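Okay, here's the structure, questions in a sec.
Chains: A, B, C and D, in written order; residue numbering restarts at 1 for each.
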Amino acid sequence: MAKSQKVKRIGILTGGGDCPGLNAVIRGVTKPALDHGLKVFGILDGFEGLVEGRAQELYNRDVSGILSKGGTILGSSNKGDPFHWPEEVEGKIKIVDRSKEALKNYEAWNLDAIIAIGGDGTMHISKKLSDMGMNIVGVPKTIDNDLEATDLTFGHDSAVFVVSEALDRLHTTASSHHRVMVIEVMGRYAGWIALNGGLAGGADVILIPEIPFEWKAVYDHVLMRNMMGKRFSIVCVAEGAKPKDGTLITKGKDIKRTDPLQLGGIGEYVAKKIAENTGLETRYTVLGHLQRGGSPTPFDRILSTKFGVSAINLVIKKQFCKMVALKGNEIKSVRIQDAISHQKLVKPNDQAVLAAMAVGVNFGVEKF
Amino acid sequence: MAKSQKVKRIGILTGGGDCPGLNAVIRGVTKPALDHGLKVFGILDGFEGLVEGRAQELYNRDVSGILSKGGTILGSSNKGDPFHWPEEVEGKIKIVDRSKEALKNYEAWNLDAIIAIGGDGTMHISKKLSDMGMNIVGVPKTIDNDLEATDLTFGHDSAVFVVSEALDRLHTTASSHHRVMVIEVMGRYAGWIALNGGLAGGADVILIPEIPFEWKAVYDHVLMRNMMGKRFSIVCVAEGAKPKDGTLITKGKDIKRTDPLQLGGIGEYVAKKIAENTGLETRYTVLGHLQRGGSPTPFDRILSTKFGVSAINLVIKKQFCKMVALKGNEIKSVRIQDAISHQKLVKPNDQAVLAAMAVGVNFGVEKF
Amino acid sequence: MAKSQKVKRIGILTGGGDCPGLNAVIRGVTKPALDHGLKVFGILDGFEGLVEGRAQELYNRDVSGILSKGGTILGSSNKGDPFHWPEEVEGKIKIVDRSKEALKNYEAWNLDAIIAIGGDGTMHISKKLSDMGMNIVGVPKTIDNDLEATDLTFGHDSAVFVVSEALDRLHTTASSHHRVMVIEVMGRYAGWIALNGGLAGGADVILIPEIPFEWKAVYDHVLMRNMMGKRFSIVCVAEGAKPKDGTLITKGKDIKRTDPLQLGGIGEYVAKKIAENTGLETRYTVLGHLQRGGSPTPFDRILSTKFGVSAINLVIKKQFCKMVALKGNEIKSVRIQDAISHQKLVKPNDQAVLAAMAVGVNFGVEKF
Amino acid sequence: MAKSQKVKRIGILTGGGDCPGLNAVIRGVTKPALDHGLKVFGILDGFEGLVEGRAQELYNRDVSGILSKGGTILGSSNKGDPFHWPEEVEGKIKIVDRSKEALKNYEAWNLDAIIAIGGDGTMHISKKLSDMGMNIVGVPKTIDNDLEATDLTFGHDSAVFVVSEALDRLHTTASSHHRVMVIEVMGRYAGWIALNGGLAGGADVILIPEIPFEWKAVYDHVLMRNMMGKRFSIVCVAEGAKPKDGTLITKGKDIKRTDPLQLGGIGEYVAKKIAENTGLETRYTVLGHLQRGGSPTPFDRILSTKFGVSAINLVIKKQFCKMVALKGNEIKSVRIQDAISHQKLVKPNDQAVLAAMAVGVNFGVEKF
């Protein structure tokens, strides 16, 4: 578009995994956009819809009442990277580049900009599509909260809420039966959900990917509690947590198991090891997709709305290739290429870790 | 005790698995008992405490504020059957009869009666202890709701609440991603939790032990929904559900797996089979002990309180070897021996099953 | 319609106040009706839509996903009694009979039957429209649970849930600050919400219309608790509760206040009187419409679904002028004229009242 | 205490109104303090206990399991300002200075420091007691979130949660009945609860003390929505909101009403004015103390725990007359005298206000 032209038609899409607050962002973008006289097109199923040419115009009635709804009215898709598109050719999956079709649809729809809501993957694709000439503004989305560029991401508070509520429930049944309860939560590389959820839910042991744990430290802590008359323990394990001893090696999404005990996920594994090595009755629960579903917490609804409104403001000001971000109490913007360069992992001396240790949480280590 | 004597000292214990509402029963027994001038002794960890002589006197302050708390302040134990007591002798577990010690403690504590809160197992033991001369009144407890003698048991509504809430969450994430979500819930022999939870949470397929399912019916239903544009399905599976084809044989607690796919529980198995046979993206969640924990629902708090009050009334009237039961809107009493003779299973023509089918739920069968 | 004819077209409407579960009934009717090949017309805003000729055809997509939603997708109206229709004539409201227009629309739409979901008022109107020749099946709806003809009505459990949750919240703040907290809940003539909500939420005093209370008994109970070291009390008051002493006279919806203290509702009044007469810090809260809103509890979703399915079954069997009802664990049907003759009030010797008294609740009376 | 001496004995107290998270702070202070070998004394009922010499030693078991509990195990008191102590002398209330007794008890208990958890009032008193020689560290507490010195205070997120949940409930009943629902929430001087709660709950009008409102703007917005087919509106009113026209003048806690309609609080007043001036059916609800009670949200549990741990760290480092504060993602400390000098009010151009306006919320003004 020419520099003097005003933005008139925008697209919006949601990429990657589900996350409470997506609909609140869509509403936060669409309502003010329509107020400004823009036309808004909802691109269906993330970048998949952009490649395949599937979109529908959004009106006020489409975004009315969706603030409190989980999921995304636009649908999402895990497969849709236009630059690495899996295509079945003669019974085999071949990876092809369909980014030109994405661009063609962008032009055919006469779009002046796209607001892309998504995580790391979505931002990488957005950067590349920007380089091809599309005007893109990003909205960060990850329940894992592992983006350095923003203090917090929406969806994380809702995931922590689900974990904390589950721990509250497990506490009562653990204390009645003198049990160890293991709960496996999300977090393949970053342990924020386990850390914050465990801190909020009063976990006794928290195991996260950033702090490889020693089995003995876990057993000792549980047994020590037992000896002190607290006949139950709650262990909160991130799915990417791993023991120091090499019985579990994760590389990318592949998990190599060297211990015959380990059949299911890490939660089941930890439960079995504790039962075997302490003699205490142990049970485990895998929260799974419960952490991604349901109505967003008020905190996430507010953050999502602010993100959406800020994104459309950037579009109107033609500040493209930017991503909205929370800094303190303010929404700011950062360059997309800066946003995607750093993953925010839990540091062993993070205040949340130290606070957890101060109230008695063990991280599967003797000292650090 | 002589017929003319008044009841003066009672014991109370909670046996078996955890169940929301146990504390409400304990409060419902203890408050009026103390008002009547009785002494109340809380026997710790179920029958284990009766055998081992562990109990503590309960005062008003002990039961104040526990109405809304999950778990049991008295503790429970799965092992404690006095007639089949596992004892380690020279490194081996031997089953011995320690019922005489139970009786000795009952007499040593000078108890006039015991109120035993528990399930089928607890009622069987109570009947046998009655035959030895103890005065026992039973309060039925099972989140499974599988007791013929009472319209409903406390804890079931709370378990159904947890399942329904989980299904609400899974709905949003399933519909955003066009997925099949499988959720495994409690119910080894009776499918009430899966049936009621699935009905309340809007499940599309419900698989229960009472209705052996056909794989093809499940695949067809899921595919049919897909073809009709509903690109998600929720499958609610009781842990004791089993396919007709013999790939899974359960006898008692042993599960024989004849299918190499089946590693974890039935939920994981069903998810894998659906993914393999329909080509749809499928995820599973195992709710586990979340269903037993947490604050009881108002419904369960009311039922538990009424059960507790009715039980102490039976004790005061010396109506022993009875169990309290709900019939319509009234609490009645039945003989313990009658209560334990029938398990209440889901009948294929139960109104709840027919209602579920009427709103489109498939039970893994083509017709019945 | 002729006896041999099959039912082909039905209408459905929701009358009276809001009630969690209405949408679940609409779904429970519509899904199986469409399955049977019927056409279903949603009549808008209760009988108002029948008189004014406003309705829309319902399809599967209209009732998909509404199970968990509060409110009614059909809208409701308080004014719409066709036989007593308020009409503005020359600036004045005149009451006219517009039942013939209702009948005309029924015939114009070619309806074979109407399913009317509503309370006492709706059932009275339904009876009269039946007498004019319409085929009507009723579904009882009252959060007050005051219908003799059915063990329970849907919506009541959800209202009790809201009250119980509020009491849980008030407990913590009352105990921190040594306060009396008064909460006013719904129930103009029947005290079931206050009774069940108060019992579930651990209220110390419950005041209901059926048991006129003595001020002194209330003050004494609160002061007695204070003396025993329990420095807080929770008082749960039904909006229709009234003192014996005649300071408040309610006749129909008119409230005559003879006490200058009484400005707002009964909750505010009770709070002021307690503060004045005991010297204790007292606060009050009026729950109001929170009790009617929000997602129905699982219990209500199940009951509503069963009611809806049973209602359409009655229609298909041409069992008209009937109302569905819960008896024990079964849904049965009763004649509408029988259903409306008796209001179910709390009896002073109801088991719930006696259980509440047994756990220490005071009903504002010394003895009864 | 001499500079070289280590801190050995500390007191902890909670002042002012109730606030979810108080117990989490107490736990966050006590657990690490005991770990460090300190003795911890819980001073009862805020400064009242300090003046009257009431305290009890806290052990690990006292703070075990209180993380998720609302209220404060130490009790609180609104009256307890040692410098302005209301005392009954010959039937009249006289204000006396009892700060010397506070100091005497501090010394008698041999305390090295006090951690005072409270709001503005508590910090003012803490400053003055500091000047008398006590070592005090403050923890800010206000559900109103109106402290300039910290990005956020604990309890606010929980209050917003309650408001948002209530608005979700009111939405369903408002939309079924075509009503205006007015909800009055806390906030006498600062409108953060109404703003954030209204934003999260999807309010259509938000009225706060910082933006005096025009009646006409409110009526117009509600009528405009009605004309556009949205036949319901939700109005979220802070208790300190006031109209520009002078029908309500608040000075301190006194409210002067010049309008005969206004009987109860502002919520009732606004509801009556809207009903009268728009002809629309209108209802109101006053949330009251529900906003202060109940289990803290996970967000508040985490913030409270961090605040507690940071406070005890300041004490151990002898950094007295400081208050802990949140800045971005970090807990820092500020001087108490700096903390109390500025109240944080909503600015009309705050991002949250602008975001709310962008999604269609009206603040009772035509333009600003």
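Here are a few things to note about the model shown:
As a convention for this text, a residue touches a chain if its C-beta (ideal position, glycine included) is under 8 Å from a C-beta of that chain, and two chains touch if they have at least 3 such contacts.
Each chain and its UniProt protein: A, B, C, D = ATP-dependent 6-phosphofructokinase.
Predicted, not measured: the structure shown is a model, and the values here were computed from it.
Looking at subunit C and subunit D, not one chain touches each of them.
As for how the two copies subunit A and subunit D face one another, over half of their interface residue numbers coincide. The mean-CA centres of subunit A and subunit D are about 31 angstrom from one another, to the nearest whole unit. With centres taken as mean Cα positions, subunit D sits 42 Å from subunit B.
Those residues of subunit C in touch with two or more other chains are numbered 168, 171, 295. The complete set of chain-chain contacts reads A-B, A-D, B-C, C-D.
Chain contact summary for the complex, subunit B toward subunit C: residues 27-28, 31-32, 35, 64-65, 67-68, 151-152, 157, 160-161, 163-164, 168, 171, 196-197, 199-202, 230, 295, 297-299, 301-302, 305-306, 309-310, 312, 327-331, 351-352, 354-356, 358-360.
Residue ranges on subunit A touching subunit B, taken from their complex, read 14, 17-18, 20, 22, 45, 69-72, 75-78, 162, 166, 168-178, 181, 263-264, 268, 281, 283-290, 292-295.
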